[in-house]
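Letters A, B, C and D mark the chains as written, and numbering starts fresh at 1 in each.
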């Protein structure tokens, strides 16, 4: 199982704040998961943005991050706190 | 007339906080005044310190500053506020 | 070393004073306060909502604080960030540092703000005269964080 | 833009909060507080006396403030320095800056402190366990001022 969270503008664009996907060996890296979601088409195109940020198990990471069954993944636009 | 002020460690070493000297054409630059005071010998050697700071009319300046009759001059060690 | 993420308002002055806290080894205290402005990127702002990533927020701020404490000899470091609804003029964030000498306090405080702006999962949604809009990240913030 | 040189104690937190002063154009406030430490350059310090050059002090601080205001887009700048007798733990100096964005507030505050340390006519005489001594200027302060 992979837990996926969406925040801020992405959450609004997708109309979903989180979902669970069954684990698949095809999700070797975080970018594989992202491409799987992009393939849904329509609003999911936001995950193709150049400034997309992502986190694995609540730590910022790159798109080449390896995934494992049970991971918590998050996609979000550039952070703007402070 | 030249008004001369001494501060902090210099004031204590010299035992004087200010004095007035008659104006002289020999005081063309601030360093001429300083050498005149150094020539008094004894404790006045403090005015030969490498880190000596000086001000003319309440503005920091260098030893090559030109002087004029009526100026207020000050000699002091490196400042240590803040 | 304290990390607080809260809905409640806070008093920046009280936070600043608390950094000394009767520790006579502290010679320098630096406090940064970020406020909600009434104008941003060409539009009037009537208020904002601060969204965050519960759980990750505290971890991300904790990592930034740890890194600051490793880089500089700090006697105190406090990070306080509000979430939820905020009005113009309200404090959003406080970062405070205390050290024996001033350079460590200044640098660590600026470092924490630069990293917070680029690595902590907060997002601002402003109410503007033309409706709500998500604030977009600034290139200048990315550049500031690369200094360290 | 305010310059104060005073014998009286002050409240750093109140000074920090006053920098915003209901100006909703202010996005960033930075406050620096210098405190009397109980230990300096190898000796315990039981207190100190701050001597200054009346008349020149205000002018020197005014020049530093003017230069900061020319270099950075500041909405507020406050410099407050105590003179006379001070005990360990007491605030000596407060420098506060306010601007729309944080970089100007941080840089201007650090600049004012670096210039104050090297150009404002204050001298500290500490009471130590081995008697009173005048604090000597630090090379690191000269180096810090040359950054700008």
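As a convention for this text, contacts are C-beta pairs under 8 Å (C-beta built on N, C-alpha and C of every residue); 3 or more make two chains touch, one makes a residue touch a chain.
None of the values given here were measured: they were computed from a predicted structure.
Enquirer: Spell out the chains that contact chain A while also contacting chain D.
Expert: Under the touch definition, chain A and chain D have C as mutual neighbours.
Enquirer: Can you compute the centre-to-centre distance for chain A and chain C, using the mean CA position of each chain? Integer Å is fine.
Expert: Measuring from centre to centre gives 26 Å for this pair.
Enquirer: Could you state the distance in Å from the CA-based centre of chain C to that of chain D?
Expert: Whole-Å distance between the two chain centres: 23.
Enquirer: Using CA atom averages as chain centres, what separation in Å is found between chain A and chain B?
Expert: Centre-to-centre distance between chain A and chain B: 71 Å.
Enquirer: At least two other chains touched by the same residue of chain B: list those residues.
Expert: 82
Enquirer: Mark out which residues of chain C touch at least two other chains, giving numbers and ranges.
Expert: 34, 102, 113
Enquirer: Return all touching chain pairs.
Expert: Pairs flagged as touching, ordered by label: A-C, B-D, C-D.
Enquirer: In their shared complex, at which residues does chain C touch chain D?
Expert: 11-17, 20, 22, 24-39, 88-89, 91, 100, 102-103, 105-106, 109-110, 113, 140, 144
Enquirer: Within their complex, state which residues of chain A touch chain C.
Expert: 5, 7-9, 12, 51, 55, 58-60, 74, 76-82
Enquirer: List the residues on chain C that touch chain A in their complex, please.
Expert: Checking each residue of chain C against chain A gives 34, 50-53, 55-56, 59-60, 63, 81, 92-93, 113, 116-125, 134-137.
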